[in-house]
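In the two complexes that follow, subunit A is the common piece, with subunit B as its partner first and subunit C second.
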Partner chain A sequence: MDIQSHMQDEEFLARLSGRMMFSDNPAFRVLLDEARSSGAKRYVFDLSELASVDSAGLGMFLIAAEQAKKSGLPLTLRRPSGQVKQLLALARFDKLVAIQE
Partner chain B sequence: MMIASPPPASAPGSLPATPPGGVEGLLDAKILLVDDNPVGRLVLEASLNGAGFTNLRSAADGEQALALTAQWGPELIITDLMMPKMDGFDFCRRLGADPGHREVPIIVQTARGEPGIRGDIFDAGASDLVLKPINPRELVSRVRIHLERRRLITSLTDYKRRIADELETAKAMQLSLLPTPAQVTALCSQLPIELAGHCEPSFGLGGDIWGLDALPDDRLRLWSADFAGHDVQSAVNTFRLHTFLATGGAPAARPGDWLGEVNEFLCGVLPVGQFATMLCAVVDFKRERLTLASAAAPPPILGDGENYQAVSIAGLPLGVARNAEYETLFLPFAPGATLFAYSDALTETPNPEMPVLPLAALVSHLQACRHETLGEIQAGLIARLRAAMPDGLADDLTLISLHHVGGAP
Partner chain C sequence: MTFLKRLRPRAANENQPKDEGIPAPAVPPAIDPRGEIASAPDFTPMFLGLDAAQRASLDYLSGEIAGVCTYVETNVQSLSDRFQGLAAATQDQTEVVRSLAEQIQTVSFAGEQVPLSNVVRSLSETLEDFFTKMIYLSSRGVSMVYTLDDVRAVIGQMHGSIAEIERINKQTNLLALNAKIEAARAGEAGRGFAIVADEVRLLATAVNGLSADLRRQTAQVSSGLNSGYELLKEIGSVDMSESNLTANTRLQTMMNGLVAQNSAVTQALERTADASRRIGDDISASIVGMQFQDRAKQRLDNVSGALATLGSAAGEVTRAVPPSARAPDEAVRWRVAGQVRASFTLGEMRDGYARSLGLDGAAAAPSPTSSDGGDIELF
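Moving on, here comes the complex of A and B:
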C-alpha cells in the first residue's frame, strides 16, 4: 500500500492506494501518529485508489475509528470502491465512521 | 482471517541470547584425532591441550575412527589423509553417508596444498582443512569456530523441535474444540441432515472455529467464527469463545440476539484492533425455516435444491462496539435445501483483488456441483485453492455444508 498525506484547512487527508494488508501495519500506525499530532480538526482517508483490504486492514481501520472516537474528531472514509467498498458494507462500517461516496 | 495487530516488541518465540551449553563451554568438547603417525597425533594433542581442550581420543586409521565415532560420539574430528586400511577421503565419505554422524565437522590435515587436492578434500565431505606443519593457533581457531557453529545448530534444532512439539499439542487441543465426526454422525441420525465441515489452519494454530448445537424442538444451531490476529493470539481467542459458548454464555435463541451476547463477551476481552467475524444460523426443521445473523462473515450461500444464491446480510465485526445490534434474517429451508458457510480464505485466495473463486463464481460452482456429495464439493473447492497457492494457503480455511435431506425429524 502507498500512503500520501497532507494537511489542508484543518483537515488531515491521507490517500491510500494499492493493496492494504498485514505488512502495512507499521506504516499505518505511523500515519495514525501523524494524524494525531497534526492538530487537525477532522481526518479523511481517501480510498478511491485502494484496490483491496484484507481482514488485517479492516483491523487497522477499526483502530483508526477508535482513535478518532477517543479524540472526538470525525473520521471520513471517502470513495471506497470494489472489494474495499464491499468489505466495509459487509462489516457495517457506516455504523462506526462516516463513509462518503 | 489474517493478522491485525503489530508484532509485540519482544517476539515470544525469540531465542535465548546464549544457547544452552554455548560458546562458553567448548573446552569439554569431545574431539577425535585420527592419524596413523603417533608423532602427528601428539602434535595435535599438544596443540589442543595447550588451548585447554582435554576431552580427546585418538584413532590410527579410518576404520578405527569410524568405530570410535559410533561408540563415543565425538563433536569434532581432525583427521590425516594418508593412512592404512581406510584413508581420510574414504573416512569423510563414509561418515557423510551415516545419518547419525554426518553433521559432525571434520577438519582434514594435509601436507599437500595444491588447489586440486584441496577441492577433493571438501568434495569428500570435510568441513575445513589445515596445512601441515600444524600451526597450533590456527588449528585451535578453526576447532573453536566449528565447535561453536555445531553447538549453535544443535541448540537451534533442539529449540525448534521443542516448539514444534508444543505446537502439535496445542493444535490437537484446538482440533478437539471442533465437532467430532462422532458428534456429527449422531446429529445426522437425529435430524434430517447431511453435514460436512472442514477447518484447516494456514500454519500452526488458526483463528477459525465452528460448532453445532442441538436445540429443543428439532432445531439446530450452526456457527462459524474467524478471529483476526496472530496465529497464537487468534487461536487463544478461539478457546475463549469456545469456553464462553460451552458454559452457556449465550442463551438467546434468535441468531441476531445470540451474536449480540457473543459480542458483549468479546468486547470485554479483545483489545482494540482485534475482532472476530461470525455467522450464526438456526435451522427449524418443523417450520422448514432458516434464521441467520452475521457479524461481517462472508455471505453464506443458500440453495433450494436447484438454485443457489449468496445471502446478503451484514453486521459489525464482534468485539468492536458494545450494544451492537445484529439483524436476524428469516428464510425458507425445505427438504433439498443446502446452506454453505465459509471463511474469507475461500473467496480471497490468492488475494482479495483477484481471487480464484470470487463470490459469483463460487455460487455458480455450487449450483453446477449440486448433485455431488458435500464432501466431494468441498474437496473440489479445496483443490482449486491449492492449485492457486501450491505452497500453502495464506489464511485459515473453514467450509461447512448443511443439507436438508427431508423426512420427518
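Moving on, here comes the complex of A and C:
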C-alpha cells in the first residue's frame, strides 16, 4: 500500500492506494502518529485508489476510528469502491465513521 | 252410483271421437233431450274391459311410482351420505392446509416457533456480528503488534545499555590490569594494592558474565516477540478476497430467495385452503339441495293416493253392474292394455307392465331398449 498525506485547512488528508494488508501496519502507525501530531481538526482518508483490504486493514481502520473518537475529532472515509466499499458496508463501518461517496 | 250416472253421458258423448282404439258399437247411441241414453246398445262389457285394463294399469303405475320413490330415496340417501363424507373430508383438508400454511412460516427453535423472516434477519445479524467481531479481533491484533513494537524498541535500548556495560567493564578490567602492573613495580609497598586490583578484576569478570546472561536473555525475549508477531499476523490477517465476499452475497441472495419462496408457498396454501372452504360450502349447499327428494316423494305419494282413489272409484262402478252381467269385453281390455304398453318408451317398463298384466309374449320378446338403466329393475 502507498500512503500520501498532507495538511490543508485544518484537515489531515491521507490518500491510500494499492492493496492494504497486515504488512502495512508499521506505515499505518506512522500515519496515525502524523495525524495525531498534525493538530488537524478533522481526518480524511481518501480510499478511491485503494484496490483491496484484508481483515488486518479493516482492523487498522478500526484503530484509526478509535483514535479519532478518543481525540474527539471526526474521521471520514472518502469514496471507497469495489471490494473495499462492500467490506466496509458488511462490517457496518457506517456506524463508526462517516463514509463519503 | 253417482259415478255411474255421471260417467254414462260422458262416455256416450266423448267415447267416439276420443278413444279411437276402442271400437264403438255398430249403431251410435241415440241421446234424448234430457241427456240420457235412450236406447243404447249394451256398453257394459266394453266398460268392464276398459275398467279391468285401467285398474291393472293403475296398480302397475302405483307400484312403479312407489318403486321410483324408494329408488330415488335410497340413492339420494346414499348420495347425501357421500356428500356428508366429502364435506367432512374437505373440512379436514382445509384444516390441514391451513395448519400447513401456518407451520411453513415458522421454524421450531429451542422450543419456540420463530417466524422465518426473523430467522433470516437473525442469520443476517449473526453474520454481521461475526464479521464485526472478526474485525475487532484484527484491530486488537494490530494494536498488540504496536505494543510489541514498543517492547522491541525497549529491548533495542537494553542491547545498547548492555553494550555500554560491557565497554565500561572492559575498561575496568584494563584499569585493574594497569593497577596490578603498577603495584608490582612498587614492590613490597604495592602488595596490598595488587590484592585489590585482583579483586577488581574478579568483579569485572563477574559483571562480564552477567552482561553475557543479559544479552542472551534479551535475545530470547526478542525471539519470543518475533514469534508473537508472526502469531498476531496470522490472527489479524483473514483473507477478504472477492470469493469470500461473493459467498456472503450468495448467502444473502439465498436467504432472500428462501423468504420469497416461503411467501409464495404460503400464498398458494392460503388459496388452496380458500378453495377447499368454497368446495365445502358448495357441498353443504348440495346437501340442502338434495332435500328436493322429500318434496318429490310427497308429491308422488299424493299422485299415488289420487290413482288409488281413481281405482277404487272404478271398482265402485264395476260393483254397480249386476254380477250376472259382469262379463268384460276381453278384446277391449287387451287392446287398451296393449296401447298403454305401447305408450312406454322405456323397454323395462314395457316389459314390467306386460308381465304385471299377463300380456302375451311379454317375457318372450323383451324390447331391445330393455338394457337402458338395467339397475332400475326393482319391480
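Keep in mind that, in the parts below, the second predicted complex is superposed on the first by the 101 of 101 C-alpha atoms of A that agree within 3 Å, B and C clash if a C-alpha of one lies under 4 Å from a C-alpha of the other, contacts with A are read in each partner's own complex, and residues count from 1 in each chain.
Just so it is clear, contacts are C-beta pairs under 8 Å (C-beta built on N, C-alpha and C of every residue); 3 or more make two chains touch, one makes a residue touch a chain.
Predicted model, so just to flag it, every value in this text is computed and none were measured.
With both structures placed on the common chain, the touch criterion links A:19 to subunit B but leaves subunit C unconnected.
In the superposition on chain A, A:51 contacts subunit B only, with no contact to subunit C. In the superposition on chain A, A:27 makes contact with neither subunit B nor subunit C. When both complexes are overlaid on chain A, the residue A:60 reaches subunit B and subunit C alike. Legend: residue contacts after superposition of the two complexes on their common chain; A:98 is shown touching neither subunit B nor subunit C. Residues 21-22, 25-26, 29, 52-56, 58-60, 62-63, 66, 83, 87, 90-92 of subunit A are contacted both by subunit B in one complex and by subunit C in the other. Every residue of subunit A that touches subunit C in the complex is listed here, in rising order: 21-22, 25-26, 28-29, 52-60, 62-63, 66, 83, 86-87, 90-92. Subunit B meets subunit A in the complex at residues 1-6, 226, 228, 272-275, 277, 294, 296-299, 314-317, 320-321, 324, 344, 348, 351-353.
On subunit C, the positions that touch subunit A within their shared complex are 128, 131-132, 134-143, 145-146, 149, 233, 236-242, 245, 248.
Taken together, the subunit A residues at the contact with subunit B in this complex read 19, 21-22, 25-26, 29, 51-56, 58-60, 62-63, 66, 82-83, 87, 89-92, 95-96.
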